[in-house]
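Every chain is named by a letter (A, B and C) in the order it is written, and numbering of its residues begins at 1.
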Amino acid sequence: MPAEGMEPIAVEPSIGVALPVGDPAFTVDLPVFEGPLQLLLHLIESRQLDVLTVPLAEVADGYVAHLAHHPVDAENLSEFVAIAAQLIYLKSRRILPAEPLPPMPDAADEPDEEELRRRLLEYRALRDASIELGARDGVAPAMRREPREADLPEARSELLPVAVLVGALEALASIPEPVAAPPQIVAREITIGQQIEVLRAAMSRGGRVLLQTILARCQSRTEAAVTLLATLELIRRRQVRAEQGDIFGPILIEGVEGVEGGAAE
Amino acid sequence: MSDDLEVYFEALLFIAERPLSTAELATLADRPRPEAEAALASLAASLDGDERGLRVQRHDDAWQLVTAPEVGARLATYAAREEARLSPAALEALAVIAYRQPCTRGDVERVRGVDSDYVIRSLLHRRLIVETGRRDTPGRPVLFGTSFTFLERFGLTSIEDLPPLSTDAAQLAALADRADGD
Amino acid sequence: MSDDLEVYFEALLFIAERPLSTAELATLADRPRPEAEAALASLAASLDGDERGLRVQRHDDAWQLVTAPEVGARLATYAAREEARLSPAALEALAVIAYRQPCTRGDVERVRGVDSDYVIRSLLHRRLIVETGRRDTPGRPVLFGTSFTFLERFGLTSIEDLPPLSTDAAQLAALADRADGD
């Protein structure tokens, strides 16, 4: 069974680090989701929830669990992570109504549930249409009559310029060749679990750390996004607290007293 | 059918080895364009209404004669055509382009939520979509639309024949209205 | 016309690349021969009676769809224009064969990236290409080369007169050289 049966979820630090993504025993029954909307829709539909009304925060856990435990299309990992961040934000807003999260630096980045829902609905309509198209792919084609000499009445033939032959090959050469298909699954080197470990290690000296310090060490956008996600996850578990004096200012991550890392699990 | 022009156009589309535009057909018939267009529409309607084995296919102001979709399945057996099926990802991108044409790669990626460069190239390569121009926005991105090959493969006489999008379209509109009202 | 069999036969004759015999048509439709013959006669009569642009022609027990004689003269205008003009698909295939002859259908398809069966047949019908033999690989595929008509139409004295290709186009055409047995 896919991960959505595993609620309530927690992203386990150990998972992912040694996750055998290429192991056939692990991937056998799981669809590999190509995009985040596909995964989100799958989670909603497999629980028979109504896309129009379900609070999207309700599927946040299932989504993050899936991302942490199962292979997704590696090419689009940052898109998956971006939606994960939105969902976790929506969820934390529901959990902590009295304590609003600090505003996003850019208002346009503020996760908008209705906008996400609108995208889901649009995606679903076109995905359904694509399934319908697929069902009639080549099944009952409307066929053209290919030309044959007998059709054309006799006509005086004129000289043709040789340039048209060269032109035909040039035009053909200019059609973009599809590049080799990206591999479906590659090992993920950065996981939320790993980054949680990174954050904990950083906090182990003095119990607090500047998020910007950690982000500055990240090698890629994906790594930074996953680190941010790991931070949100720790906040969600109430294992850390985040403080930011002003917009764009440093974000201080501080361990919550009495909660030993990992003890909550 | 007794209209002279329809008779001529039916024969012309029969021997033509490519779709003919309304303008070309009007020139060949030496008639004004609106008259040619009316005759073509009437030919299309009469082939459809008489339940004949042939149909007029229209796309982007060009016309061609094809077999009727009702007999397509039996003909496909006869012609023993084998074409590689399209992947779900390619079908998704194709659906976005078919329903939203003309549209850009960015439009497709926005709807699908994923990079779609590869699938769009493969659709171009299969001639199922064609570049139709450029959008007049910064960067002037290329616009794509479906081709006659698309109509043939899916047994459609025109893109108006595409099944309507599920009720979600209406729901989307409702959502948009709600958002606008805010 | 609403008879199922007539609809099927009209479509079948439309796409068939040669006249079909009554026996073949009966087999394809999986109906007894007299029934097939009656449907064909009825199709012929209805096309004739409705004054359509097409007719069913019967010659020695073989059937084909042709244009109506009334429009023959007017179609010649189109034919003359068209003779001077090869479709983009036909030009592509012809160019590949001209530069890489002798080559097989598989070679042409490798370069064009799409099925080229019909287009090669159309070049054969126009006598622009001829079969020159068979390649000594599994399946022994037919080899094609350009014809004398080809040289005439393009005003060449020999195929050595073909202009050189740009690097891109030459590389593309070179794909046809990969004789890996179709």
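The criterion applied here is as follows: a residue touches a chain if its C-beta (ideal position, glycine included) is under 8 Å from a C-beta of that chain, and two chains touch if they have at least 3 such contacts.
Bear in mind that the values here come from a model prediction, so they are computed numbers and not experimental data.
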Closest chain to the protein CA centroid?
B
Determine, using the mean of C-alpha atoms as each chain's centre, which chain is farthest from subunit C.
A
Between A-B and A-C, the pair with more C-beta contacts
A-B
Subunit B-subunit C separation of Cα centroids, rounded to whole Å
24
Can you give the whole-Å distance between the Cα centres of subunit A and subunit C?
48
Could you state the distance in Å from the CA-based centre of subunit A to that of subunit B?
32
Per-residue multi-chain contacts in subunit C, two or more chains:
11, 14-15, 67, 75, 79, 82, 87, 113, 122
I need the residues of subunit A touching at least two other chains; which ones are they?
143-147, 151-152, 175
Residues of subunit C touching subunit A in the complex
11, 14-15, 17, 66-67, 72, 75-76, 79-80, 82-84, 86-88, 91-92, 94-96, 98-99, 111-113, 118-119, 121-122, 125-127, 152-156, 161-163, 165-166, 168-169, 171-173
In the complex, subunit C residues that touch subunit B:
1-2, 6-12, 14-15, 28, 50-54, 65, 67-68, 70-71, 74-75, 77-79, 82, 87, 90, 113-115, 122
Residues of subunit A that touch subunit B when the two form their complex
34-38, 52, 73, 75-76, 79, 83, 114, 117-119, 121-134, 136-147, 151-152, 175-179, 181-182
Which bits of subunit A are touching subunit C when the two form their complex?
143-175
